[in-house]
Structure formats: C-alpha cells, structure tokens
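What follows is a set of structures to go through.
There are two complexes below, and they share chain A, which is joined by chain B in the first and by chain C in the second.
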Partner chain A sequence: MSMADLAPSVPAQTARSGGLARLAVAATVALLFAGGGFLLHAEQQGQVIALLAAFVAVFALAEKVPVGRRIVGLCRAHPGTVNLTAAVSILAIAAALREEHYTLLMMATVALFATAAAGLTLQMAFAGVPNFAGAAFFAVGAYVAALLGNTGIPHLLVLLIAGLAAAVLGLVLLLPVLRTRGHYAALVTIAFGLLLRAFLEVNDVLGGPQGMKVKSFSLFGLDFSRMTEIGPYDVSFYLPYALASCALFGLAFFLVRRLETSFVGVALDAVRSDEVAASVFGLSIARWKATAFLLGNAMIGVAGALYGMMNGFVNPNSANFGDSLIMLSILVLGGLGNLWGAVVAAVVILVIPEKLQAIQEFRLVIFALLVIAILRFRPSGLMPRAARDFSALVKGGAK
Partner chain B sequence: MSPLLACSGLTMRFGGLTALDALDIRVGKGETIGLVGPNGSGKTTFFNVLTGLYKPSAGAVQLAEQDLFARSAQEIGRAGVARTFQRSRLMLDQTVFDNIALGALGRLDLSLLSALVLRGRFRRQLSELVERATALTRRFNPQIAANLFKPAGSFTMIDRRRIEICRALVGSPRLLLLDEPSAGMTHEETRALMDDLLAFREEMPDLAIVLVEHEMDVIRRISDRCIVLNFGRKIFEGPFDALIADREVQTAYLGGAQ
Partner chain C sequence: MDPGLLAQYLFNGLMLGTIYAIVAVGFSLFFGVLDVIKFSHGDVVTVGAFSAFGAAGLMAALATLSGPLALAVGLIAALGAGALSGVIIGRLLVLPLKNAPGVNVLLATLMAGTVLREAIRLGVPNGGNPKPFPALLPEGVLKAGSFSVGIDSVIILLAGLAVVLATHLVITRTRLGLSIRAVAQDEEVAQLAGVSFNRTVLGTFALGSMLAGLAGLMLGLYYREINFNMGVMLGIIGFACAVVGGLGSLIGPIIGGFLFAGVQTLVTVVLPFTSAYKDVVAFAVIIALIGLFPTGLIAEKSSERV
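The block that comes next holds the complex of A and B.
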C-alpha cells in the first residue's frame, strides 16, 4: 500500500450527501432482499436460474467495478441503515408471502441456521475454536424443547433452558478442546457429535431412533401451530415461526455485533490470531475460548429448540455430521465473521438445492459448482468481514 | 534500594542444552540496559523466560519484590512487563488500534455485561484509549496516528516495528523488553527509531528498558549499562566503554570463544 492510500480517509461530508448515501444503502439492501424473496417464492426453473445468474453477477461485480466498491463501502459505513432496511424488508417479504407454507418454512429455516451460524461465528471466526458438532448442539436444543414443551414452562423460558443445556453439555468438550489445537480440537468435536448421536439412538427415554414429538411453540398463550389468521388476513401457521426465527436471528446478530465492537471482540481476535502475543499482554487464552464456546453453543441450542418446535419432532438424525458441515459451510461461504454473509450463504446452501428440484439429478451438480465457483473467485467468502473500525463509536456521542 | 527486576541463578535448559546458565541480572527503575551477545547466546530465551513463555528450570525472578518465578505469561504481563518480539508478532489483518489495544486490555473492563448492555463504561475507556493510542503513535509517525483503523499489514516494516513498540508501551509497563527492534532496518531508520525511543524515555523516567541490539552505535547511545551473554552465561557487565575494551567480549564476538 502506498502512502497515498494511507492518507486520512474522512472527507468532509455534508448532511446532504450523507442522506443520499443512506438512500443508496437502503435501496441496495432492499433490492438484495427482494431478490431473496423472489428466490424463496420462485417455482419455475427459468426464474430460479435467472435469479441465480443475477446473484452471481452481483457478487462477481461487487468488488470489480468502482460503483460496486463504492456501494460496498457505503454499506459498511452505514450499518444502522443496513439493519433497519433489512428488518423492514423481512417484514415486507413475510407479509407478501404470508400464505405460503413451504416458502415461510424455508425462511424460518434460513433464519435459524443463520442464528446457529452466529453462534459458530463467536466460536470459530472470533475465538478460533473449531466446532464440527453444530448440528449436535442444535439437536440438544430440540430435545430439550421436546422434554419441556409439555410441562407448562413458558416456551420463551424453554428456549433459554435449551440454550443453557447446550452450553452445559458443551462443558464436557471444553477441556479437551482447550488442551488440543487446530485439527485435533476439530476431531474432538467430531467425535462428540458422533457420540451424542449414538447415545440418542440407544436412549429409550429420548425415544430411541424414532426420536420425540415436540410441542409447537406458543408465545404468551398464542399457539403458533393454530394461527391461521391475523386480523382479516389468512396466514400460514409458518408465518409466526418465520417472524420469530427472524427475531431470534436479530437478537443473535445484536449480541454478536455488540461483542465484536467491544474490548471483548478485540480480546477474542487476539486470542485467535496470536496466542503468544495475547498471553504476554495478560489475556487468559482459556477464559476467552471457553467464553466464546459456551456462548456460541447456547445460541445454537436456542435456535435448535425453536427449529424442533417448528418441525414438531426431533430424532437422532438431527444431530448428523452432514448438518454440522452445512452450518460450517454457511460460515465459510458467507465470509468468516460476517453475519450478513452467513444469511446470504444460508440462502445459497439451504434454499437453492430445494429450488432446483425439477432438474433432480443435476441439482447437486449445479449446487456444488456454485459453491466451488464462489470459493474460487471469493476465497474469503461472499461478504468478507471488515476490519473493526471504532471511529464511529468514538466520535458519534450518543447511541 | 532494591532493584526493579532481580534475577538470580536464572537457568533454562532445553533437554541437554543450557540456554541460560545461572544468570544474575538486576535492572533498576528507570535504567536502560543494552543486552548483547552473539546469535544463539540466549538473549531471546531470557526474554521468553522473563515473560512467562518458557518455564525456567531454576533460579529466582522478582519484579519490585513480587515473585514472578515460573508464573504464567498473563500474571507477568499484568505485573507490568511488556515486550516486543524479534520476529514481529503483529496481527496484520487487524487494525493498528486493535493491535495497540491488546497492550492495554489487561487493565480494561472486559466484562460481558459492559460489552453487551452497559456500554457507557466501555465507551469511556474506548475514547481514552483511542486518544492515548493516537498520542503514542503520533510521536513515532503521524501517518500511523491518522490511520489507526487501517489494517496493520498495510504499513511498512519500520511502521510495524513502531506499532509493536506502541503496543508494548500503551499499558504503561514498568519493564519494557525490546528484542532487536532495528532488525532489517537501514541506518537512518534505526537512528530515527532510537531518537523516538530516547524522546520517550524523557517522559517515562521510571520505565526500565532492556534492549537487545547488534548495532554498537545504538547501544552506546541509549544504554546506561551493558550486559553481554555468551552461551547463556553473563560474561560482562558494565558501561559501554569498558565493554569495547573487554577481551572476552571481543573473542566471543569474533567467534574465538569455542
């Protein structure tokens, strides 16, 4: 990098250009979500393929053409606008697709897997603790929901307990994961996932191989599975699940971003990047890895509980290694450490294979090619994490 | 008055190799020690032992009366020992500020509660730290101060060294260990760096520094006292002029001490 690039980069911005910038950011985000909404809704192969092509074009060009770079930069500079537009877009999509069971189910699935990915982000992208047992912790949450769903405990509390249970179960793994490093730590988590699944299969209290029924989620006495209309509108009973799942992701997003933009985030990044330097400057490697691991598993557990309630059942197969890999792929494909990336990647990985149903035998080929292409042309993921810039927190007094 | 740092009989063995051989080293408050010796004589190992990266085999280490023998790196870091590394250990993907903040984290509020909810305290500490990091880096190079939130990897070698030194200084240590800070630099760059350090010295009169350095010019300019290691043993201790005249030191450097 030359000295010119290092020159102070804050041009005097007038309020007007700030407003324009926000508008551009909002339009971009809304457009992306509209594309996502169309993809969720699309049924004809032609439409799906056209959307895929548009998607590839957007991400291929984003950093190649000046306008693209500019817009990416603006989005990074205005996270508040991005988040607000995203929330509004999600509500709009949900309202537009309110009667479509399958579409809403997919929307909820994407949000819950993205929530799990948020947990994995804390663990792997921040603290550098590998976790190849994401689906296992997800399943733990669902089993807790199955066990406690009928007991009269308010379901919000059940979600919380599910998270706690996943975190506590993760304690079993904590020592071996802290003592080993890299591939070995990864192996430990793989072994744990396999073990848990085997345990669930032989455990009759937990329903053995058949698994268990999970009672549907109810919030303040409102049973989600019985909701078929809101006011004058007929809605799918998946609509409340889709909204609740998105809200849960919103909460996870908020927590992870807050941690990232705090000294805790600095500490986690230091522990991941350089254990020697981190410990010389007084950080306890074990403390921070453990914190990230437990918090991350709690998030995955909560997401798994809601997922189980939505599906109405859970079985040992929920804890399979393949699903753990899917969660990891979401993380890597989206860009380690960028939660919006995780959302986009969750759509790519969970929705696109479903949408390509009609060309059955080729769909996995197309899907695999897409993933390989993404990693070939964007090795650090669709939306790489940006360096942490605290300047907004320092200058902008309130907020 | 007792010294700030007192090591006695400090010994570090790697299997059959004795890398530090019963070292007695004292460093007073505000003193600058030039630590020299041929490659492999144990200078870096001494730093690694002092900062808790290696567990010493025998001896005693005290910092201001506090026993630091075989303590963990964290405890030692929190006791006020900071260092740079011979091979730079900056986190290049992270911003200059993140790198420097690491040097202060041990003293900051790292509770989850203030990270997540009660952000007031965090933001106050953040503002202070940004100010401090700006002031620190500005003395070394205003360009660094103006780009605190750019990745450390986008800076030149000499600026990276400066950032590493700022990271070590930001936590107001009592003892600063600098391991060949001028390695790979030109004469002019080395001189500039040492000017900065000397200017710094004026402002932190209590800070003790141990500097490992091969350039004798540098050693002469900034050290109050010199210590020479060879094969892990201290073979000389005294003022620079005496060092130049010492026969054992000369043979060690010329490789004649086999």
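The block that comes next holds the complex of A and C.
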C-alpha cells in the first residue's frame, strides 16, 4: 500500500447524507460568523460581554448536549460546506462593515495572524518543530516589503519574495533545529528571535530602532491605501486589506489542509509522533522536518509582508519575543493543528483586549491567566484537532 | 590595552557570569527533577529584587537599622518571596501539567511570569518606572593602579561565588540533594526507595527559586536600580546558559553562564565600536554551540532504546 492510500478519505456514509445536514452546517457556521462580526463591531462593553457569554454557551452546548455534538460531527463531515459558508460569511461581514476603519483593520489583523498561525501549525502541530520566533519571521517579511516596495517590483511578487526571504533566513537555523529536540530546539528559535531583534535595533541600514516605512500594497496598479470607493459605495481603505488578508488566509488554509490530508500530512504526523518508527518506515526525518520548517516560515513571512504594507511601517519592536508568544498562544489556545481553532483563538487574543477598554490596564494579566486556565483545564485547546479517520479504509478493505 | 581597563572588563564579566550562572542553575535543577522548563524563573528574580526593596524600605521607615541588619532583612525577604513564588507556581501549575507536552508547560510558565511581572507593575506604587535600590552594602573603593572597584561589588561577587559553591554542596552532600538526584535519575525507583516525589519537586522549586530571588537582590545591589521587567531578558539568558551548558547537570549551567558573559565581554573589549552587537554575537554563539553540541556542552547521559 502506498502512502497516498493512507490519506483519509471522506467516510462513505456521509456522501449519502442529505442536503438537510449541509443546511444545518451552513446555518451553524453562518451564525457563528455573524456573532464574530458583531463582536468585531461591538463598541459597548455590555454587548461585548453578552456576545462572549453567548460564545461560551455555544461552546458548552456543542460539547455537552447530544444535538451539539451531532452538529460538530456534521461540521467535521462536511468541510466543504463549512469552508464555503465561511467564505460567504466573511464577504458578507466585509460588505456590511465596509466603512468601518477600525473593525476592518482588526479583521485583517486577525486574518494575517491566523495565516502566520497556519505556518506555525505546519511546523509545530504537524512536524513537531518548535518555533518561538514567529514574530521574527513575520518582521522579516515586513522588512522585505519595506525594502522592495518602492522598487517597482509587482507587489504580489514582493509578497512571494518576502516569504522566500523568511524561508532562506530560516535555512540558517535549519542545522541546529534538525540536530536538536524539544527544549533545545526551542532555545535555538528563541535565541534567533532575540538575535534578529537586537540586530535590527543596532543596524542603521535598516532604519535602526525607528524602523522603516512600508509602501502600501497595490494590486495590478490599484493602490490599496487610495481606495475609498468601489462603484457607488464609499469604503474604508482597510476594506481591500481585509479582503486580501482573508484571501491570503484562505490560501494558507487550503494549502495546509491539502498537505494534511495528503501523504505529506501522514508523513509529518509520523515524524512528530515517533521519529524512530517513522525512520524505520523509510521516512527521512530531516527532510520532512526541514520541509515543514521552511514552508511554515515562508507562510509567516508572506503574512508579515502584507501586515507591514497595511500598517505602513515596521520597526524592530515587531520582532519581539512577546509577539512570538502571542502567535504561539493562538496556536495552543485554538488547539494544535486545527486552523479554525486558530481563527477563534486569534479573535480571542487580538480583539477582546481591544474591546474591553475598561480592563485595558489589566489586560495582560487577564490574558495570561486565561491562557494558563486553558492550558491547565483544557490542554488540547478550544477546538482540538480531529483524529484521522481511517474507518473508510477499514470498511472498504485494501483495494 | 590598558591593563586596568582590562581588569575592569574582566571583573564585570565575572560578575555577570556569576549572576547568569545562579539563574541558570535554577533552570537546570527544575529540568533535572521534572524535565520541564519553568520560564517564570526570570520574573521570580524580579520578585526577589522587589521584595528586598520593599522590605528594606519598610524597615527603614519603621526604625533606623544599621546596614548589615537592613541587608539581612532584604536577604530574608528576597529568599522567602523567591521560594514562595517558586513553590506556588510548582504546586499550582507545573505539577498538575506534569504529563502535558513540554511546550504547554513552557507556555504556561511564561504566562505565570507575565502575571508576576504585571502584578509588580500594577501592585507596586508607580511600579512602571525604575526604582532606585538602596545601598545596603558598605561604601568604599578598592584601587590598584588604574583599576578601581567598589567594595560592595567585591562582596557581591564573592557572595555569588559562595552561593554557587553552596548549591553544589546542597546537591551533593545533603539529604534533599540526594533525593533530588534520585528523582532526577529515575522518578519511580526513587519513590520505591521512599523518596516523596512531590516534596522533592517542591523542595527543588523552593531551592531554585531562592537562588533566583538572591540573584534579584544581587542585581539590585550591583546596579542600584530595579525595574519590573528586568527579569525577562535575564530569564531567557539564564535558560540559554543552562541549555548550552547542558540541562540536567549542575556544572553545565555554571559553565554556560560564564561562557555567555565571557562572549558579551569579549565582544565589548575586542570590538569596542560594535559593542552594540554584543547581544547579536552572544546569541549567534549560542545557536552555533547548540548546533555543534545538540544536548549541551555537558551532554545528557542518555541513550535511546528502540
């Protein structure tokens, strides 16, 4: 049996299930996104708290009540419906909030951090390579965007080059990362993050502590920061960024999911869970770890480049250890390996502190306590990754 | 180069190395008994510094104390607060997460460190700003040619070296040390031999965190200024030193500590114009060393059975 046959396929009975199930899935997802949209836009503390309470209730229902568990199962069985509904919902939210600068900025930020989390997912959740320098690779992307934004290179290409640059820089770390495991590998990336930040701070060519200006993103001659109307509608100039960021996340999501369900994902899972067993089956540990590490860094770099273009500037502070931790927290909170979980966690971590201004002073403490509580009482995260389903293989027998 | 200046650099390097080593030993102790990295360690250093600061300030306000007595109060406060925070974090966070993946423990303790840091920032009056640390040690300057050094600095350095030695003695000569080594070697067999696992782990956390508290006091006395986020970088450097030296050995982190300080000092001496790059070089050396010695300079004594 080849590796390709081992990749999970859709269980046979779900193909038969009716449109009713799909409808239920679509309704659930749309409802969740609508709630998320309201949360993004809500300004009064009362609304925010009520929405949060509603979300907690929904999560509790999905776990404790049989109907909830059934719907979760249906969502897992119909990923196509979930993703389509999600895309439509995002477009709807963007259209409804087209004039809200701040809300759209936050939406774009969440999408870009979720894209970075997708890269980290590839590295940590699949291949088991720790990366505590997410923000550093993110900043590398932004710096590349700053350097190349004015050179006339098409900006889509700049994004690609930024990803490539992050991957190449990651190449420097490859040898120590591959030779080490666990805490030792973690330290390599921590040290790299601190090194990069210290370097950016003292290096005058790259703007020193002040950083650099980044030219805004333009697509086929369309400057995003100048876009104030589409057709008859006035729009915020953050709208194109929000859409582009969501599209980028969509791309990352598609890529990671395809890898996960292909033989690559099976190989990475094998390498992570037991190196010795994996190498006995002829998998090259170094090759798979390197693939995941470089590809993951490239994704983080691309996201960072777009983030830099959106903000208009980048400075060494964007490479700080705290931001790397925020990315990691998104990953762990959401549930290692589940990208929808990462989206939810990105909203929790990036948006809620902004919304609850009353707790502004205490937000770091509350955030830290929240992460601790989740790690302590729900270590697999809010939305744990589903186990691979090989039941179709077992029932159908080896063909 | 002027020998006096060189001696000055050497002294500073030794001082930094001692402080790094004391912090790094804590990481190594925790890793030894529980195979975890307790990343709140750097912030326990801050807790120690602020406790000493608070205790000394409080005593000075209540009664005029002589220097040594105020120092003793500060010392007890730093050690006590360090041990207490270490035991609390160990009891509430690290022991319950014993079977969780390593990254989870790392993240949880990092967040615990954030809680400590923010508690200091919000809880201490005007805690966001640096605080002047009282001079509790005798003043005075020793001079030899162009080399001059404060008596207080010499006392701190000697005390630090003595503490490193004392820790070594605790580990090798006492009953607690014996049980720490037993648990580090094999937790289950140690329990069969009547060693209480939980008590040993908490004892280790108390010991390691006392060292961190002491490092905080030493930093305060040396730099005469403390800050709510002084522990962040120190924690990371201490971790780096422990890893490069070799987690799970006692001499490893000490070597690592002096090595890191040595690289930083060397860059400052050899390349004075680029001394801003000293952290860049130091971390590059760390990465290179880990690449060369994947389990630290003093390698972990383990072999994998398949």
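Note that the second predicted complex is superposed on the first by the 351 of 399 C-alpha atoms of A that agree within 3 Å, B and C clash if a C-alpha of one lies under 4 Å from a C-alpha of the other, contacts with A are read in each partner's own complex, and residues count from 1 in each chain.
Methods note: a contact is a pair of C-beta atoms (placed from the backbone, for glycine too) under 8 Å apart; a residue touches a chain by one contact, two chains touch by 3 or more.
Keep in mind that this is a model prediction, so the values were computed, not measured.
By the touch criterion defined above, A:V276 reaches both chain B and chain C.
In the superposition on chain A, A:E361 makes contact with chain C only, not with chain B. Of the two partner chains placed around the shared chain by superposition, chain B is the only one that A:D389 touches, whereas chain C remains out of contact. Within the superposed three-chain model, A:L255 lies in touch with chain B and out of touch with chain C [touch as defined at top]. Of the two partner chains, chain B is the only one that A:V266 touches; chain C does not reach it. By the touch criterion defined above, A:A191 lies against chain C but remains apart from chain B after alignment on the C-alpha atoms of chain A.
Contacts of chain A with chain B, set against its contacts with chain C after fitting on chain A, overlap at residues 276.
The touching residues of chain A, when paired with chain C in their complex, are 124, 130, 173, 175-176, 179-184, 186-188, 190-192, 194-195, 198-199, 201-202, 276, 321, 325, 328-329, 332, 361-362, 364-365, 367-369, 371-372, 375-376, 379.
Contact residues on chain A toward chain B in their complex (touch as defined above): 1, 3, 5-9, 255, 258-259, 262-267, 269-270, 273-274, 276-284, 291, 387-391, 393-394.
Those residues of chain C that touch chain A in the shared complex are 31, 37, 93, 96-97, 100-104, 106-108, 110-112, 114-115, 118-119, 122, 232, 236, 239-240, 243, 247, 276-277, 279-280, 283-284, 286-288, 290-291, 294-296, 304, 306. For chain B in complex with chain A, the residues that touch the partner chain are 51-53, 72-74, 76-78, 82-83, 85, 89, 91, 93-95, 97-98, 101-103, 105-106, 108-110, 112, 114-116, 119, 122-123, 125-127, 130, 143, 146-151, 154-155, 167, 171.
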